[in-house]
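Per-chain numbering from 1; labels A, B and C assigned in written order.
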């Protein structure tokens, strides 16, 4: 029996050979659009970001990218001799690593751009922009705020799973572009507007009631979406 | 061994059979000589494997070739009388089909014999 | 034994439905012919597990896919109608991937074949000509050392010289009697030469599957100026031209005036066979 392909080779093959003509154009558009939005909003959306929510969004992005790649057929990826169990494990691990990778990459880009902007400001006006104003660091958002952020992140992951496992290609593409990306944008704008105008992190918190009931309902919805999406995804991957 | 195929000259396996047979009769293929395997024959002549197999199978059934499982196909040892016997049988077959044609087309046995002798003598004179 | 055993395979998308049952014998070359849109590519993709929605079963050298995924994926190889990898990569990168993915990949063979067909390693596959891409895909498939090889239109768009070398490569592969080849094609000239079995596909179904020699021997192609009642009865797929009629018949010795009888080629058989189906 031939030896197994390693995890790293597997993911690299998926990422590099997946760029195939047969991949849905709309899916690529939505993924690129999402990435762009995230980069822009991370850059200009203000520092105190709801961390867990963003982590969920990155996870959702990586789910969309990896699962979109596995859909391109015929592709070398589907011919890799591997057991379905290993395939599923590799893909889940891939999503995890990919999420972390994208996060680190975005933060690095943000730091780089911020640095450049500060340098330009320094060069033109002589103002030292490197010194951050006191109080603008991440303010405490409390237990409820943290929970809300986690649940929002999980909602992203669940939505991504559900959208990515839709069978209808067109529907999948349209949903990703028309619902997914604006939703994320809206959330970002709400938080950043709140940040700028009121000095508060979550304007969203003020606009919608976030009582225990809402939190429970949202978390149940997120859990259901994730469980349902994961089961669907495993089924599809194994096929 | 050499074989050349022509698309116009009837079915492929008959052409192969005919040419191998002719080479055995002429002594070009010696008894005990190994022939290429079915798959090699198919590849070299760009023909189907089943076509090549059929040609060999027919010749094996005729007793011209024999196969040793796991080794290959060889030209059969043949005694002189057997060879002649084989040829005579082939001739008889050909003549009986000519006779059948004559009967069907209303050619009398006398006319048939006359033509037969004419051909024999023509060939005799030529050689 | 059958290299591939396809039982009640069914694939549906939009208005098209594939419904196939086919036994591809091991050790033989089977040619799949059919018009555009008959479902040849879909069938091949289904065998290569590239269709998400499919029912029915496929046995590979007698093994079902479920439970033997790894083994089967390492024993089947395919040349699809378009390259199934990122064509923006250089050839050598793709080869590197293949080496990593398939532990049976034969690098020596690959190197010598790339040289034989003068395919540059340092060029992007996208910049290859169509014929070169086809050849590259075939080389990759062969170097995987598969036992079942599927080819979707391996010789279309390729000049006669290279077609010859591709046919030779396929026959070289067939020197091992445990190997199986299934290829689809429009160019029946190639089939005339090397195929052992022929399957005709139409509207998603296998209409006919038979040994090529037997098929061409069973039928005769007849050309005649007039169509007598007797001939009409036996005629299959009659085509009329200015100078008379051409048709297939199962009667090996049809009678009539000024009549020309010969063995059909695969192409002639195909045309008249489809003609008959359409008339029905």
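Basically, a contact is a pair of C-beta atoms (placed from the backbone, for glycine too) under 8 Å apart; a residue touches a chain by one contact, two chains touch by 3 or more.
All figures in this text were calculated on a predicted structure; none of them were measured in a lab.
Novice: Expressed in steps between touching chains, what is the minimal separation of subunit A and subunit B?
Specialist: 2
Novice: Using C-alpha centroids, which chain lies at the maximum separation from subunit C?
Specialist: A
Novice: Where the centre of all protein Cα atoms falls, which chain's Cα centre is nearest to that point?
Specialist: Of all chains shown, the one whose C-alpha centroid lies nearest the global centroid is C.
Novice: On a C-alpha centroid basis, what's the spacing between subunit A and subunit B, in Å?
Specialist: Spacing between the chain centres: roughly 77 Å.
Novice: Taking the mean of the C-alpha atoms as each chain's centre, how many Å separate subunit A from subunit C?
Specialist: 45
Novice: Based only on mean CA positions, could you tell me how far subunit B sits from subunit C in angstrom?
Specialist: Roughly 34 Å, centre to centre.
Novice: At least two other chains touched by the same residue of subunit C: list those residues.
Specialist: Residues of subunit C never touch two or more of the other chains.
Novice: Which residues, counting only subunit B, touch subunit C once they are in their complex?
Specialist: 11-13, 37, 39-40, 42-43, 46-51, 54
Novice: Subunit A touches which residues of subunit C in the complex?
Specialist: 45, 48-53, 69-74, 77-78, 80, 82, 84-89, 93-94, 97-98, 100-104
Novice: Using the touch rule from the top, collect the residues of subunit A that touch subunit C in their complex.
Specialist: 1-3, 5, 9, 13, 16-22, 73-76, 78-84, 167, 236, 239
Novice: Which of the residues in subunit C come into contact with subunit B in the complex?
Specialist: Residue positions touching the partner: 27-29, 167-168, 171-172, 174-175, 177, 193-197, 211-213, 217, 263.
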